[in-house]
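Below you'll find the structures, each written out as C-alpha cells.
Each of the next two complexes has subunit A plus one more chain, namely subunit B in the first and subunit C in the second.
Up next, the complex of A and B:
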C-alpha cells in the first residue's frame, strides 16, 4: 500500500490560499477552523517563502501517542485519522502536535472544547465510507473515491503535492535537479524522521 | 511650438538614457546565473536557529484571520510528548505506588498506632462542624479530581482494556466534566482551609523538635505539639502550596490562551501533572495516618470529638491551652 504524505514545494507556492479555501469548501469545515493554512516565512525579505501546512500524518504520530482515550487510528495508507465519537476534547493532541493541526470548535469555552477537528487527507473517518454521517463529522472521503486530497489536486502551481511519499519525493527531486535549487521538504524531518535526499 | 516639442523629446531621451543607465545592473544580473537559494530559508536553517531559551516555534505571517495559525512548525510538542508519555508516568508511578509500598511496610512493621493507656470515655472538641465541612468538601473534590486526572494519564493502559473503547471514552468524558466543574469547589475549599487553619500552622522551633524526635512515628515517646504538630503543618502547607499551584495551572488549562500560546499551555500542563502526582502521594499518607494508621485519629474529622488521651498524646500543649480556656472534656455518649 501507499504511504500517503504531503510535500509543499515552497519555491513554487505563490500564497494564493486556494488550498485553504478548497479544503474548507470540500470538507464543510466548521467556522473558525482551518485544516490547512499558508504561512509566509521572512515576509517581505530576501528568501521569502510560503508554505502550505496541515496535518502531516506523521509516522509515530505524537497526537495518537498522547491521546488519553486512544481515539486515533492509522489507515492502510498510513493516514492518521481520529474518531469524534471517542474524542473527549481534552486538548492533549493540540499540545503535542508539531504542526498545530488539531483544532477545536469551542476553543475558549469553559468546560469543553468540543470534538477535535483536523485534516483527514480527504479520507473521512471511522464511519462507513461516503456515508452522510462520515461527511457530517469529517468531511469528504476522496480517497474512497480514488481521488487525492483536493488541496493538492487543485494547487495552481502544483506546489502542494499529496500522494504516495516515494512518488511525490521523486517528483520533487526531479524539479530540484532540473531547476537547480529547492528549500527542502518542509516538515518531513519532524513528521517522518526523514527528508528528501537530493 | 516646435522648440517645445524638441525640448520634450530631448528630455524624454535624457530620461530614457538615465533609465537605461540605472537599469543596467539589473540587466546584467539577469544575464548572469540566478541562484534563488542564495538567501532562501530552508527548514534546516530555521530549525538550527531554534536555540535553547529562544522561541521553540517557527512561524510567519498568515492571511487567514486566526493569528494562532501562523505557527508553521513547533518542535517543542515532541518534548512535551516525551514528558507526558515517559517522565509523567514515572513520577506518578513512583509517587503513588512508592507511597503505597512505604505505607504497607510501615503498617506491617510499626502496626496501627494505638492510644497509650487506651481510650478514656472523655472527649474534647477538636474540629467544629464548619472545619469538618471545609475539610470534606476539599477532600471529596480532591478524590474525584485525582481519579479523573489519573484517568487521563493512566486510564488508557489500565481501564480501557477493561471497559472497551466506547465505554471508556464516555467515562473519560464524564471524568473531564467532573474535573472541570469540581475544580471550583476545590479552590474555594482550599481558600477556606487556608483562612481557618493558617494561624495554627505557622512553623516554629517546636516543629523542629517534633521532627527531630521522629514525630512519635519512629522511636519511642511523643514530642510535644500545639494544635497542629510538625507533620500536620507539613500536610497543611503541601496542600495549600500544591493546591495553589494546581489552581493556577489548572485555571490556565481550563481557559486556553489566557496563559499565552501552546508553549505556555505545555508548561502549565507539566506543572499541573507533576504537582498533582506528588500531592496525591502526600494525600495517601495523610489518609492512612488519619484512618487505619492510628487509633482515634479519624474521630477528629469524623465526629470532631477526639479522645482526651489521644489529644494529650499528640497535641499536649493544645490540650493544656484548651483546659486553661476552660474547655471541659465531655463524657462520651454511651452507644445506643
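Up next, the complex of A and C:
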C-alpha cells in the first residue's frame, strides 16, 4: 500500500496561498478554520522562505497517542483521521501536535472548543466513502475518487507535493540534484522519523 | 490581528458582524443540497464544521441530480490565463478541479484562481438594478434603469455634447465585450473611452510600440523556461502573477538561470532571486542607463544586432555618456559593483529576458522608462528569440485583449489610431458610412486661446484619460479641451480607488449629473460618493457567466465557456451594451452584422458572431485568423501543445498551431496561420510564426551630419530578414502598389483584387495590408516569405515622443531636491485635452519644503490574495480571511524614530489636500529606510472614516480598508496620461 505524505519544497513556495483557498473551496471549510496555512520565516529579510503546513499525517501520530477518547484512526494509506462523533473537543491533540494542525470552531459559550477539525488529506472520515454524512463532517474524499489532495494539485509552482512518500521523495530528490540546492524535506524528521537523503 | 505575513491565525471574532449572513439568500451548496432533498436529518453534529453540500456524494450517484458537467473557462484575475475547470450540477458550480491539460497553468492556481468558484455564489454581489433616490438605494427593474440612464445621457448630449459622457470600460470584459463597448463609444460619438490599461501598462504599450512596432509582451510565460538570465524590474510576479513563477522557477532550476530582481522593496519574488538589487523609486532610467554605460564601456553590446536591426543607438549613447557609475550610484543608490555585475550578466549570459510591471510603468516618466529598457534589450540583442525579449506581465485577465480592442482614448480596435483612414476602415467593416460616424461627434468651440475643432477634427482627437476624469469634470471649462466638462461617468467594471488623488475624485463625483456603475460589485465609486440622486448600479455578470474569448499577456487567446447563468438579476455585458445602444437609438446600425441569440433577458449579441466581426476587421494586428471555431478547438485539445514551445503536436487536430493563436495570426482562419509565439523572430518563416521589427515610422529619416549637411538614413533592416524571405533585406509595409512593383499582384485571386480595388477607389495602389479586407495582400506577402508589415529597424531614438531618448527626471515629489536642478521634471505642457503641470507641481513641492515635512517615499503594490481595486476579492470569504487589514510597511528605523510598534494604527499623510489614511503598521526590513509601501486593493474607509454604510445593504465587501490612492499625488506621463502611482512622499505618525 501507498504511504501518503506531504512534502513542501521551500525553494519553490512563493506563499501564494493557493493551497489555503483550494482547501477552503474543496472542503467548504468555514471562516476561522485553517486546515492548511503558509508559514514564512525570515519575513522580508534575505533568506526568506515559506512553507505550506497542515496535518502531516505522522507516523505514530502524537495526537492519537494523547487522545483521551481514542477518536483517531489510521487508514490503509497511513492517513491519520478522526471521528467527530467521538471527539470531545478537549484540545489535548492541539498541545501534542508538533505542527499546530488541529483546529476548533469555538462554538458556544464557556470557552468550549467544539469538535476538532483538521486536514484529512482529502480522505474524508469514518463514514461511508463519498456519503453525504462524510462530506458534511469532514469534507471531500478525493482519495476515494482516485485523486490527491487539491492543495497540492493546485499548487502554483508545484512546490507542495502530496502522494506516496517514496514517489514524492523521488520527485524532490531529482529536483534537488538538477538544480543543485534544497532546503530539505521540512518536517519529515518530526513527522515520519526519516528524511529525504540526497 | 492579521496583517501581512505576520500572524498565522485568522482573527476570528473581528469580522463577525461583517460576516453576518455570509451564506444567506444564495443558491449555495447548502441550499442546493436542501432543495435536492439530500440532507439526512441529524447529521449536523454540533461543533462539526458547517459544511453545506454533498457534491462528491452526488457525483458518486446519490440523490436525484443528473450528474456533473465539466466546463472550461479562464480565471478572471491576472493575465497569466489559467484554465479553470468547473464542475457544474443542476446549474450550480459545485467544484473546481485542476486543468492539467492547460499548457499555461498545468492544473495549478494561486489563492485567487483556487477560489473563483466563490464569485458566482457570492452573496455580496449586486443582486438587482438599483438607483439612489434622495440618498436611499432603491430597487428598480432593468427596463426602468436602461430607460432612465438613456434619457439622462441624451439630455446631457443635447446640452453638453457627446464628449460629456465618459465611457470607462474594463479589462474584465471579454474581447467581444470590449470590442462592443469601443464600438458603442464610436457610435455614441466620443473618444472618451478607456479602461484599466491606462493605469497599468499604457506606458508600456506606447513605449514598446514606438520602439519595435507592437505594444505587447514579445514572448510568453512558458518561453521564460528557455532564459538563462531573467531580470525583474518593478514586477513582483510571486504575488501578482504567481503561476508564472512555475515557469520561471523551472527555468531557474533547469538552466541554472540568473534571476535578478530590481525593486525598492525586497519582494516575495526577490526572495527567490539569485540577486536582489535595491534602488530608489523613480530612478529606473538612471539604473538602465547605468547598466548601458558598463555594457558599452566594456564592449558587451551585440554589434551585429545593432547594425542590422536598430536605428539611433548612437543618439542614445550620447545620453548614456552622462550616467557614469558615480552619478548613477548617487541617483539610484545601487553600488557600482552590483550594477556592473548585473549588466555583465544580462549582456553575456544569454538568452536574457527583461520582465517589468507597474514599478516601471506607473511614473511620470513611464513611457521613457519603458523605452530605456527596450534600448537595453536592443543593445544586447535580446529581442526576437526564444528565451529573451520584453516579457511585460500585464495585470488583468483581459487587459491585453481590451487594449487590442481599442478601449483607449486614442485608438479604434486593433491599433488603427483615430485618423480618417482608420475610421473609414472600421466604417467599411461595420457597414456604416464615414459621414454617419462623423456626424455623431461634437463640434468643439474655440476656448482658452485654442482654435475650434470641427466634427472631423474632434473624431481624430484623443479623449480624456481615465486617470484624470475628475479633472475633466472639475477644472474650469475653459481648460478642458472639449465642448463642455464631463457630466456623466458610465463605468463598466472599473474600480474607483485605483487612481491617485481620491480627494479630488470625491469632489468631482458630487459634480456629475449621472453616475452609472455596471459591475458585479458596487466598487469604490459608490462608497466614496456622497450623492443623493442620479446614480445607478447595474448588476453585471462575471466572465464565468457568459461565453467569450480573452487574450492573456502572451497574446494567446482562449475561449471561455459559460459556467452558470448570470446569478440573481445579473446580466452579461453583451446584453447591457445592446440594450443601452437600443435605447440611445443606434442599435440597428451597431448590431446590423452581428447575430442575435436568445439570452437570459431576451435577444442578445452572440459572442462568436462578434468575434467574427473582429476577425473581419483586425488585419493590422493579426486578429483575423482566430475564428471562434479554431479557439474552441484549442481549448478542446489543450493537452496537445508543447509546454515550452507552445506548438501543437504533429498528427493532432491543432498540429503546428501555437497555443491560443497568439496574435499576429495572419490572414483568414482558412489560411491556418499558427499565430506568433515570439514576436520579431527572424529564425522562423513568417508563415510559420516568424517576423521582423515593424517599420512604422517611415522608410528613411533625414539626419544632420556634424558638418551641417543632411543625409537620409534608412529605417529598414540591413542584412537581416526572416527565414525564407524572397526579399533578402529590409522592406517597407506591403501595399497594392508594392505588390505591383514586385510583380506579385498576379498572385492575388480575382476576388481579392476586386476587394482591393473597391476599397482603393481611385487609388488602389494605396491599399495596404492593414485595410485590405480580403486578406489578399497579407496572403501574397506571406507566400513570398515576407512579413506583411515590413522588415524594419527598431528605434533607440523615438523622435516623435516627448523625450526621444529617455533621460532621468526626478519625481515631482522627490526626497532628493538637490538633484532637481540637474534632472528636472518636464516643463508644463498640455496633453490629452488638459494641462499637465509637471514643473509647477515640482517647484511648489520644493518651495513648500514637502521633502522635509514628508520625508518618507511611499510606493505601492499588490497582494496575492487581492486584485485591482479589490472589491471582488475582498468580497470573497476565502480570500478576505487571509488579508483582513490594510497596512503600511515601514522600516524598523523609521518606526523606531516615530515610536511606532508593529501592528499599531498609524496615520499616513500625504502632501496634497491634507490627505491622510489610518492603517496598521507592519514594521519590516522588506522596505529600506525612508521607504514605505502600501497595497492598493483596499477601499471602504476614507481618511479614517468607515464607509460601510454607503454600500447598498448586503453588497459591502467583507474586508474594507483605506485606499493608498487617498494619499498619492499629482503626476502624469506626457504620452499616455499614466499616473504617478509609485513615488510620492508621506509622513507617518502613530495614531
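As a working rule, the second predicted complex is superposed on the first by the 194 of 198 C-alpha atoms of A that agree within 3 Å, B and C clash if a C-alpha of one lies under 4 Å from a C-alpha of the other, contacts with A are read in each partner's own complex, and residues count from 1 in each chain.
One rule holds for everything that comes next: a contact is a pair of C-beta atoms (placed from the backbone, for glycine too) under 8 Å apart; a residue touches a chain by one contact, two chains touch by 3 or more.
Not measured: the values here are computed from a predicted model.
Asker: Answer with first, second, both or neither: which of subunit B and subunit C does A:17 touch in the superposed model?
Answerer: both
Asker: First (subunit B), second (subunit C), both or neither: which does A:105 touch?
Answerer: Second partner only, subunit C.
Asker: Per the contact definition in the header, classify A:155: touching subunit B only (first), subunit C only (second), both, or neither.
Answerer: It touches subunit C, and subunit B stays clear.
Asker: Could you look at A:184 and tell me whether it touches subunit B, subunit C, both or neither (first, second, both, neither)?
Answerer: After superposing on A, A:184 lies in contact with subunit B but is clear of subunit C.
Asker: I'd like to know which partner A:132 touches here: subunit B for first, subunit C for second, both or neither.
Answerer: second
Asker: In the superposed arrangement, does A:37 touch subunit B (first), subunit C (second), both or neither?
Answerer: both
Asker: Check the residue A:90 against both partner chains and state whether it touches subunit B (first), subunit C (second), both, or neither.
Answerer: first
Asker: Residue overlap on subunit A between the subunit B contact set and the subunit C contact set?
Answerer: In subunit A, positions 11, 15, 17, 20, 32, 34, 37, 39-40, 43, 46, 49-50, 85, 87, 89, 100, 107-108, 112-113, 180 sit in both the subunit B and subunit C interfaces.
Asker: Quick check on the complex: what are the subunit A residues that touch subunit C?
Answerer: Residue positions touching the partner: 11-12, 14-22, 24-34, 37, 39-40, 43-46, 48-50, 84-85, 87, 89, 100, 105-108, 112-115, 117, 130-137, 139-142, 145, 150, 153-158, 175, 178-180.
Asker: Given the complex with subunit B, which residues does subunit A contribute to the contact?
Answerer: The contact residues of subunit A facing subunit B are 10-11, 15, 17, 20, 32, 34, 37-43, 46-47, 49-51, 53, 62, 65-71, 85-92, 94-100, 107-108, 110-113, 180-187, 189-190.
Asker: Using the touch definition from the top, list the residues of subunit C that touch subunit A in their complex.
Answerer: Listed in rising order, the residues are 5-6, 8-10, 12, 15, 19, 22, 29, 33, 38-40, 43-57, 59-60, 62, 95-96, 98, 105-115, 117-118, 238-239, 242-243, 245-246, 249, 252-254, 256, 266, 268-269, 271-272, 276, 864-865, 877-879, 881-882, 889, 924-927.
Asker: For the complex, which residues does subunit B have touching subunit A?
Answerer: 35-37, 39-44, 46-47, 58-64, 66, 68-78, 80-81, 84-85, 151-153, 155-156, 160, 165-166, 168-169, 172-173, 176-177, 180-181, 253-257, 262, 265-266, 269
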